[in-house]
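Some structures are shown below for you to check.
Shared chain: subunit A. Partners: subunit B in the first complex, subunit C in the second.
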Partner chain A sequence: MAALTFTLKATPPERLDLSALVLERLTGLDADAIKALVVGTSRDGLTVGDLFDVSGDDPADIRLSGDERLDNIGRGLKGGRITVEGDAGIYLGRAMKAGLIAVSGSVRGPYAGTAMTGGTIRIAGDAADAVGGAVPGAMHGQAGGLITVAGHVGAYAGDRMRRGVLVVEGYVGDAAGARMVGGTILARTLGTRAGAGMKRGTLIAKTVADLEPTFVPTGTYAMPFLTILRKWVESEVPGAGALVPSNPMRYRGDMAALGKGEVIVG
Partner chain B sequence: MPDLSLNGVRIDDTFAEAFDMAATGVIITAPTAKWAEIAAKTMTGFATSVIACGCEAGIDRVLSPEETPDGRPGVRCLIFGFDAAGLELQLRNRVGQCVLTSPGSACFSGIDGGKRLKLGATLRFFGDGHQISKKLGPKRYWRVPVMDGEFTVEHDTGLAESTIGGGNILILGKTFDQVLVAAEAAVEAASTVDGVILPFPGGIVRSGSKVGSKYPVLMASTNDAFSPVLRGNANSLLEPDTGAVLELVMDGLDFAGVKESMRRALHAACSLGPNSGIQRISAGNYGGNLGRHHFHLRDLL
Partner chain C sequence: MRGEALSVLSGHPETGADPAIGRAAALLGGARRPVIAGLGCDVDGVRAALRLAAALGASVDHAARAHGRSELRVLADSGVMTTTVAEARHRSDLIVLAGPGAVAWADHAKAFADAGGLYSWRGERGVLCLATGGARPAHVATGTPVAALGDGMSLHRVLSLLRARVGQKPVAPLPGNGPALAAIDAVALQMKSAAFGVMIVDANDADHVTLDALQALVKDLNKETRFTTLGVPAHHHGRGAHLVSAWTTGGHLPVGLGRGYPEQDDWVHDAERRVTAGEADALLWIGALGPDLPAWAAGVPTVALIHHGATANTADVVIEVGVPGVTHGGVLMDAVRDGFAAVDAKAPQPLPSVAAVIAGIEAALIGGNP
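Now for the complex of A and B:
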């Protein structure tokens, strides 16, 4: 079987909702049925066939040519692999449970990996706001799985994160891990208000801008957990293991919330 | 049938009778090899016989920092018992009292796959609500605050079913001193097999037992057939000049491992030869009806 490949014929005239292009919804559909799927978001009712050249027949291996107007790529994904050549829009991998989404460009829209519970998202470029965070009104953000970003990400990364790991090899914007209740965010640097209101969870970075005064230093930290994390990160994201410091300072907080979270800097 | 012998040492044409057991394992690490070993020895202490100790445990092998999950020196221990529930209880008590308490220690799964037994899943509660869970891929770790920092412990460890307990050899010789030298050499050789432990003190048993007793409450009693002071009993199996008998007992994760361990022990003991006072090698069995696994000494030559 060959990879099921969707190649854009031209820049989409409107934002597209690609939540139908996942393994569990494409299984059993023939080429004509796939081409008839509606992906447009206006009343024009644009279909896959209107916008993409479709080839291949393996829904477990989906390849997409990217564009920042492609929203909901891999939304609710339960298995298989989606490869995006280029950029992606909002809600990439939202609520995905398993499988892999790899983006060779950048994620231009917010809320990638929100509410995901498993699987892996790999972004070769940058990502916008609220990666692994919570959509407005949601009780939790990322709740499992792994998100890796080779570039930089925007604000509110891991907002209300509950479980899972977010690795950012570049810079993270403000309010990373705000209101976090679990999980791990590993980055090169964190912006201001990192961990504001966090109850539990772990933020790790080389530097943090203006750590909130509600974080209490607990001394240097050289426990086995860091080695375990470094090994695991290196196995998942080769080269990123070096982001885990070996003899850092540890701060607990946010003492204005539950105070069982931590920011590890060094 | 010609008599069996190796290097002039007579080999009884008999077999060791071994039993099905369940096993689990843990990897204990510490800042130094010394403290990993202290924690491991403490945890596997009082674990010679499953009847009275609840399990049979021992150090399988010493691990280099490259082989451990946290990059520190470590030791892999194996624990053999009757069933999963019993092993889980032993893990909780032994790791909780002997590893959690040991300075700088951490404890990880020593057996991948299989049914999972609770490890950190119960010990985490020592943290009184301050414990931190970290799930990395399929593995969950607990970080429990303690007075020297954190006790890191994996959530669960594996259960190995259809493992084997009770492989053994008996070393017979002229004097106690000579037999002890041979037994120590045999233990050293037998211990080199991965996945096999020798749970008795230093790997050696001097009080081999038979099933039953004249006292109704006892399930086992002294192995009178091999006791030099009971020579003259009708059932004695000792020559007039045999002065001492020592036994090695092996528990292993599979048949091949136990067999190889017995083979290495037998060859190490026999290599000393009759000039060192080693006369004969035998093995303990119960007639062949109690244990499913029979290790015939003639297959080990």
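Now for the complex of A and C:
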């Protein structure tokens, strides 16, 4: 079977909702049925066939040509692999449970990996705000799985994150790990207000910009779990293991909230 | 329908609106992805705008972005404690002005210009300024000197430090140029000692994380005393517009109707983002109560409904409308009474309302070629 490939005929005229293009919703559909799926978000009711050239027949291996207007890629994904050649929009991998989403460009819309409980998202470029963060009104952001970003990410990364790991090889914007209740964010540099209002969870970075005074220094440690984490990160994201420090400074906080989280810097 | 709707306007030929309505209907009816924004108008105007949006498949947004994106987000995220201006004025023995916007509003609205004497058992009113950048209220009656904390700090940091100290948790050593720990503890004690404190904040001074911290501080204080908050009313009838959207579509603004059913999404349907990203092909700007047409509207074909004296240089069709409560009556959110109120015209003029103009556009769509 050949990879099920969706090639954009032209830049889409509007934002597209691609939540239908996942393994469990394409299984059993023939080429005509796939082309008839409505993905447009205006009253034009644009279909897959209007916008994409479709080839291949394996819904467990989906390839998409990317664009920043493609929303909900891999939403609720339960298995299989989605490869995006180019950029992606809002809600990439939202609430995914298993499988792999790989983006060769950047994610231009917020909330990538929000409410995901398993699987892996790999972003080769940058990502916008609230990667692994909660959408408005949601109790949790990322709740499992792994997100890796080779570039930089915007503000509110891991806002209300609950579980799982977010690895950013570049810089993270304002309020990373805000209101976090669990999980791990590993980055080169954290921006201002890191961990604002976090209850539990772990933030790890080489440097942190202007850490809030509600994070209390607790000393310098050689923590055994960092060795295990470094080995695991290196196996998942080759080269990123070096982001895990060996003899870091540890801060506890946010004392404004429960205060059982930690920021590890070194 | 067409005759009826236009007859509303035909009594006012001096506005010259009728041919303009035809051009507006042609511009909007030919669009595939229109945006309705600004939305500074009365309840009837917002209802008409949502009805037109359903017919056009448009996105609808209001200019008071901070109210929808931050204040209503925290309401949905964590819940809020809130009160009315009248309760705050009469019952509160500690008014906390959090951020410079709160000071500006307290002075402008003069809601606390007198001590509020409904309850003899209430003690003297105290006033506390948090992270106001040196601003102090000039028109707030107080029985004690105005206290302040964190003039040189961000509101987020001041609230976080107070949350930590109210909860008797440690904080890191503070830099020499900031407040001393004793000063933070004194303010924490002042807040705990209040019988009924009210924290006033302008959503424009804070994002959702900071507003969430403010609400969490209030919840913490309620373990020992009574404390609540009061949001500075959103400008250009923002609260009213969001409420109309909530009871009409089930969600606050912005909301999109492109797929024939309402979809609430703060990012996707944000009017400014949609226009600047080239995702909109027409804009209906409603500014009966303001604001002026923004610069970002220059890039898209625009119909502007504006009040007398406003300018909309980049608009293709400009229709002058009346102002509810000034040139004609209308229903508006009353921020002081915290409810909708019918207001009469102060200076009646034969100008059409937003609702009448939109009804005319809608009728022209049906009669014409949508």
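The rule is simple: the second predicted complex is superposed on the first by the 266 of 266 C-alpha atoms of A that agree within 3 Å, B and C clash if a C-alpha of one lies under 4 Å from a C-alpha of the other, contacts with A are read in each partner's own complex, and residues count from 1 in each chain.
What we mean here is this: a contact is a pair of C-beta atoms (placed from the backbone, for glycine too) under 8 Å apart; a residue touches a chain by one contact, two chains touch by 3 or more.
Bear in mind the structure is a predicted one, so any value in this text is a computation, not a measurement.
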**Request:** Record, for the superposition on subunit A, whether partners subunit B and subunit C clash or fit.
**Result:** fit
**Prompt:** Between subunit B (first) and subunit C (second), which, if any, makes contact with A:249: first, second, both or neither?
**Reply:** neither
**Message:** For A:156, using the defined touch cut-off, is the partner it touches subunit B, subunit C, both, or neither? Pick first, second, both or neither.
**Reply:** second
**Message:** A:136 in the overlay: touching subunit B, subunit C, both, or neither? Say first, second, both or neither.
**Reply:** second
**Request:** May I ask you to decide whether A:260 touches subunit B, subunit C, both, or neither, giving the answer as first, second, both or neither?
**Result:** first
**Message:** Between subunit C and subunit B, which one touches more residues of subunit A when both complexes sit on the common chain A?
**Reply:** C
**Prompt:** Given the touch rule stated above, what does A:184 touch, subunit B (first), subunit C (second), both, or neither?
**Reply:** first
**Asked** Using only C-alpha centres after the superposition, what angle do subunit B and subunit C make about subunit A, to the nearest 10 degrees?
**Response** 140
**Prompt:** Can you give the closest approach of subunit B to subunit C, taken over C-alpha atoms and in whole Å, for the superposition?
**Reply:** 16
**Message:** Considering only the contact definition stated at the top, list the common interface residues of subunit A for subunit B and subunit C.
**Reply:** none
**Request:** Enumerate the contact residues on subunit B facing subunit A in the complex.
**Result:** 29, 69-72, 106, 130, 132-137, 141, 143, 149-150, 152
**Request:** Enumerate the contact residues on subunit A facing subunit B in the complex.
**Result:** 144, 146, 163-165, 182, 184, 200, 202, 221-225, 227-229, 231-232, 236, 260, 262
**Message:** Residue numbers of subunit A touching subunit C in their complex, please.
**Reply:** 13-15, 41-44, 69, 71, 90, 109-111, 134, 136-138, 156, 159-160, 175, 178-179, 193, 196-197, 211-217, 251, 254-257, 259
**Complete:** Residue positions on subunit C within touch of subunit A in the complex are 32-33, 56-57, 73, 76-77, 156-157, 159-161, 163-164, 167, 169-174, 207-210, 212-213, 216, 256, 258-260, 266-268, 279
